[in-house]
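Okay, here's the structure, questions in a sec.
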Amino acid sequence: MIRCALFGAGRIGRLHADNLAAGKQVEFVRVYDPDPEAARAVAREHGCEVAQRDADCLAGDVDAAIIASATPTHIDLLTRAVKADKAVLCEKPIDLDIARVDAAQPVVTASAVPVMVGFNRRFDPGHRRLREAVAAGELGTPEQMIVSSRDPGLPPRDYLAASGGLFRDMMIHDFDMVRFVLGEEIKHLSATGSALVDPSLRELDDVDSAMVLMTTESGKLAHINCSRRAVYGYDQRIEVHGSAGMMLSDNPTPTTVRHADAQGTGCAPRLYDFFLDRYAQAFANQLAAFVDAVERSAKPDADFHAGRQALRLADAATEALHGRDPSLVSP
Amino acid sequence: MIRCALFGAGRIGRLHADNLAAGKQVEFVRVYDPDPEAARAVAREHGCEVAQRDADCLAGDVDAAIIASATPTHIDLLTRAVKADKAVLCEKPIDLDIARVDAAQPVVTASAVPVMVGFNRRFDPGHRRLREAVAAGELGTPEQMIVSSRDPGLPPRDYLAASGGLFRDMMIHDFDMVRFVLGEEIKHLSATGSALVDPSLRELDDVDSAMVLMTTESGKLAHINCSRRAVYGYDQRIEVHGSAGMMLSDNPTPTTVRHADAQGTGCAPRLYDFFLDRYAQAFANQLAAFVDAVERSAKPDADFHAGRQALRLADAATEALHGRDPSLVSP
Amino acid sequence: MIRCALFGAGRIGRLHADNLAAGKQVEFVRVYDPDPEAARAVAREHGCEVAQRDADCLAGDVDAAIIASATPTHIDLLTRAVKADKAVLCEKPIDLDIARVDAAQPVVTASAVPVMVGFNRRFDPGHRRLREAVAAGELGTPEQMIVSSRDPGLPPRDYLAASGGLFRDMMIHDFDMVRFVLGEEIKHLSATGSALVDPSLRELDDVDSAMVLMTTESGKLAHINCSRRAVYGYDQRIEVHGSAGMMLSDNPTPTTVRHADAQGTGCAPRLYDFFLDRYAQAFANQLAAFVDAVERSAKPDADFHAGRQALRLADAATEALHGRDPSLVSP
Amino acid sequence: MIRCALFGAGRIGRLHADNLAAGKQVEFVRVYDPDPEAARAVAREHGCEVAQRDADCLAGDVDAAIIASATPTHIDLLTRAVKADKAVLCEKPIDLDIARVDAAQPVVTASAVPVMVGFNRRFDPGHRRLREAVAAGELGTPEQMIVSSRDPGLPPRDYLAASGGLFRDMMIHDFDMVRFVLGEEIKHLSATGSALVDPSLRELDDVDSAMVLMTTESGKLAHINCSRRAVYGYDQRIEVHGSAGMMLSDNPTPTTVRHADAQGTGCAPRLYDFFLDRYAQAFANQLAAFVDAVERSAKPDADFHAGRQALRLADAATEALHGRDPSLVSP
C-alpha cells in the first residue's frame, strides 16, 4: 500500500483526490493547499488529513506525492520531494522556463525515485492502444503522424496571460504524444499560428490557432493542428500512417447514440465539454500506473525527460512562430 | 449486340431507356406506350423508333423486351414475349394475383428464353457483396437476417389503392432479398402491421408500417421491418449474422461529407430521396446482367420463379396480418 | 447515508459489492452467502461484516438490501425484505415462475418501500438517452422499435438447463427495454427460434437463436432478434423509428481506435466480451438510482411490475415458440 | 450541342473519350494521338474521327478541345487552341515550368474563350459540398483546413523521373483544393518531406512523403499531408474547421458494407485502388461543367489562373523542402 500526499486542492487536485480515494494499493493520507478551506473540503470528502504546511506532505509517513498546485510551484516542490526520497507525480508543465527545468534535472537524474509528469493522455485507452500498435509493428514502419487538438473554448484572459502561450500550455500535450507514439526525438520543426478566435490575443503575443510540422531523426513526419475553440467539444484525434496501414485514435462520445432526422443521418452527440470528463479514464489509469511504478521502483512511462522535451518543443514552436529559426530540438 | 425494345415510357420506363441508351452490347430499337406522346419523347431523346402497337416491340428484329408498363399488363406482355421467343426483363411485380402468375408459369418454364424479374436490389453493389459473402461462407453458416426497408414518404392514395397493399407493393423487394441472400425457401412466416403514418389506410384494408418474421427450411431466422415513411430518406439496410461474423449492407449517402456543430458530430447527409437515385447503379447493373444473360442464353439471376415466390410470401404476409394462418410457403 | 446489505457473493454479487463500496450516499454494511468463504472474501476486500444467517441482512441497522443470490431464492428474500420494511434491489429475474411472482405481488403492492428489479440496461447511458429522446418527443410519435441482442457465446450446459430458456434468461432484458423505451404494454406477440449454435439444445426444449414480433396497445411495432453467439462480442443495439426521425443506441467499443490495412478500412475493435464490462457504467448508475429512490422514498424506475411484465412476455414468447397461441399479454 | 475534339488517347484520354461519348449537349468529333493506333481504337469505340495531325483537332468544325496528351505538349496545344478560339479543358499540370506558364498567360488573358484546367477534384460531390458549405458560411468563419492525400502506391520510376516531383505531380491537386475551398491566396508556406517508401528517390532529388503548412492572407491555416503509398487505397480527405463547426469530406468506399468478425467490428472495404474509379463521378461532372461553361461562354471554375497558382505553390513547397526560403506566393 503506497501512502500518498497531495499538493493542491483546486480543480485538478480534486480530481487526483477522487482517484486517490478510489485507487487500489494506494492510501490518500494528506492534502495541502495554500487555501486551507479548499484543503479541508477535500479532506472532509475523502477522510484524509489536512497538511498545515506544504512540508507535511513530504513527511516520513509519505511514500509519494502528487503535485497539482499552481504551475510556478511545481519545480520547487518536485525538487524537494525528490530530495526527500518521495516518488512524484507532477502535473504538466514542470515549469514554463526551460532554464529552471534544466537546473532541476541533476537532482532528478541523481535520484532513484520514480518521477512522473502528468501527461495523462498517454494513459487514455485509445491513444495507448495506438502507441502499442506502433510499437508492435502493427502498422509496419511508421511514416507520418497527424494530431488534431481542439479545446471547446477559450479559457479566461487571466489564465491565458499566465499560460506561457498556446504551445506551452495546450500543445505541450500533443508534443508529448508525438514523442510517445513515434518513440523518436524531433530533428526539425516549423510552425504557424493566428489569433482567429480572439484577435486581441495578439496583445499577449499569443495565438489561439496553430499548426506545427515536425521531422524526426529518422525522417518521419508529424503534424499538429490546434485550436482553442471547437463548438462541438473536445476534439483530440491522433492518426498514424505506416508502411502496412494506419490507425486513428478517434474521439469518444458521451453516449453512442446516433440520430437521423430530416436534416441528416448518423449524427453522434457533441464531444465532451470538459477535459476531466474526456480524460476521466486516462487520469485514473495514470494514477494506477504511477502507483505501480512506485511499488516496483520502476521508471515511469512519462518521466522528467519527457516533460523537459515537450517543453523544448513548445519553446521551439514559439520561436518558429515568431520567425526565429528554432534551434534543433534533439536531444 | 442485343436489340432491345421497351414497353412503357413512364418514370421507370424512362430510366430503362436511359440505361439502354448508355448500355454496352445493347441497342435500343423501339419503345411502346399507350400514350404516344410519352413514347415519342423517349424516342426523340434516344434516337429509337416509336412502336405503333405493342406487338411491334415483339417483331422479328427484336431480341429482347423490357416490360416497364402498368402492372396489370405485365403478365400478358411477358407471356406473349416468351411465346415470341424474346428474352424478357419484366418489372416487378409480375402480377398482383398469384393465380395469373401460376397460369403463365408453364409457358415460361417450357421456353428456353431468359426471363428476368426486375428485382433491381439484387444488383445493388452492397446487397450483392453481402450475398456473395454469404455464399462464399465468409460469415460461416448464416443464422439470422434482418432487413430494414423504409421509403421516404407515402405515395398518393390512388397509387396505394391499386398497389396490392404494403406487402405486395413494397415489401416484395425485401422478401426477394431474403431468398436471394440466404438462398433458401421460407417454411413459416408471421406478420404484424399498423396504419401509423396515415390511419385512413385502414379503409383500404392496408397498413403503412409492418414487421414480418420468417423461418427457412433449415431453421434460419429472418426479419423485415418496413415503413412507408422515413423523414431522413430511403433507409434500406440488410444485416446477416453467421457463425463466423456478421455483415451489414448499409445505406449509401449522396456524399460522404460529415458535419459537426454545437448540436452534434459526425452527421452525414440525408439518405437519397428517390429510389431511382438510390438504386441508379443497381438498375444499370441489372440491365448489364440481363444483356449478359441474353448473350449467353443463360438463366438470369432473378428469374420467374423468384418473382413468383416473392409474391407468395407477400400473399402469406397479407394473410398473416389479417389473422388467417398462412399456409406454408415453400416450395 | 443509506445502509445496505448484500445477498450473494458470486459474480454479480461481487460487482454490486464493488459499486456499493465506491458509491456515494451509501454504506456497505454486511454480506451474506451460503458459501461463507465467498462472503468473507467480499467482506475483506470492502471492510464490511459477514452475515452468519441471511436474516442478518434484514436486521434493524439495514435500510436496504441487494438480492444477488441464486434465482430460486429471489422471491423469498424479496418478500421477507419488503415485510421487514427494507428497500430492495433484486436481480432479474424475480422468479422463473409467474405464479410465484403473482403470489408475492400483494405484499409488494401493499408496502411503500422502494422495490427495484435489476434491469441494469435501463441505466446504460445510451439506452437511457434513447428512452429520454422518445419520451421528450424528439423522434415525433414512435412507431417501430428494433432490438438486437447477442451474447458472445453459449453459457455452460448446467446454466442453460436451469435458465428457464432463452426468453426468460436472456431476452427478458430486451422485453423490458421495449416496455421501458416505448412506455406501452404489449397487446400481441409472435416468436420463432432455432437451435443453430448448438443443435443439442433441443434436448432442453430450448433455442439459442430467436426472433420476436410485438404489437403494443396503440399499434406500435417492436422486434427483438437474439442469439447466444456473436463472435465479435456483446452486440446490443436498440433502434427506434418515429414520425420525426430515428435514434439508434449503438454498441460502445473498448477503445475508439479505427484501423485500416490492405484488408479494409475503418475497423473498430471487437465489442466487449463480458456483460460486466459492457454494462459497468449501467450497473453503477443503477445503484445510484436505487440509492436515490431509497433516499427520496420514491418509486424506482424498474419496479416489481416491470419485472413481472417482462416475465409474462418471456412466458408468452415461450408459448408462441411452441406453437401455442400466447394469450394477450397486457395488462 | 458543343462539338469537341480530344488530344491524347492514353489512359486519361480514354476516360475523357468515355465521358464525351456519354455526355449530354456534347458531340465527340475527333481524336488525335501521336500513336495512330491508340487514336483509332478510341475512334472505333466511340464512332468519332481520327485526326491525322494535331491541327485537325482545332479545325473549323470544332468548338472545344480537351488536352489529355503528354504534359510537355500541354502549354503549346493550349496556346494554339485559344488562338484558334476554341474553348479548352487542359489536364493538369499546365506545365512543370512556371516560366512557360507565365509566357502563355497573356494569350489566355486576352481571349474570351473558356479555359479550364483539369482539377477534377473540384467536381467531386463531397469536396464540392464542402466548398459550398464554406462559401455559404455553414461553418462560420473558416479557420483551419487539413488535407490528407495518399496514393495506393508508387508509380514507375520513369514516371517519377519526369513528374516534376511530388509537389508538382501529386500535391498540386491538394494545393488547388486549399485555394478552392478557402477561397484565398496563400501568404506563407513551409514544407518537409522524406523518401520513406523508396529511399532511392533521393537520387531523383524527390520525396514520397511530405507535409506542408500554409497561411492565407487573412491568417487562416492549412495543412497537407501526402504519401505515395497507402496500402488500403486512395485516401483523400479534406477537413475544414470554422467558428461554427467543422466539415469533413471523407473517403467513399466501393460499397457500403460493414463487416464484423472475431478480429473487429464495423470494417469497411478497402478504398478505391485507382484514381479513375475514385474520381469517376468527378471527371463526368467536370466535363458537364466544362460543356456548360462553353455553352454559356462563362468563365469556368478551375481556370488558367488556378492552374498557375497551384504550380506556384508546388514550386514554393519544392523550394521550402530544399531549405530555400520560398518567396511569398500571392498574388
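Things to note:
Labels for the chains are A, B, C and D, by order of writing; each one numbers its residues from 1.
What we mean here is this: contacts are C-beta pairs under 8 Å (C-beta built on N, C-alpha and C of every residue); 3 or more make two chains touch, one makes a residue touch a chain.
Chain labels with UniProt names: A, B, C, D = Inositol 2-dehydrogenase.
All figures in this text were calculated on a predicted structure; none of them were measured in a lab.
Chain centres here are means of the Cα atoms, and by that rule the chain farthest away from subunit C is D. Counting C-beta pairs in contact across B-D and across B-C gives the higher total for B-C. For the pair subunit A and subunit B, the distance between C-alpha centroids works out to 57 Å.
Subunit C has its Cα centroid 41 Å from the Cα centroid of subunit B.
Among all residues of subunit A, those that touch two or more other chains are 230-232, 235, 244-246, 251, 259-262, 269. Chain contacts here are complete: no pair of chains fails to touch. The part of subunit A that touches subunit C in the complex is made up of residues 22, 125-126, 129-130, 133, 138, 244-252, 254-262, 269.
Those residues of subunit A whose C-beta lies close enough to touch subunit D in the complex are 141, 143-144, 146, 148, 150, 188, 190-197, 209-215, 219-223, 225, 227, 229-232, 235, 241, 243-246. Against subunit D, the residues of subunit C that register as touching in their complex are 231-233, 235, 251, 253, 259-271.
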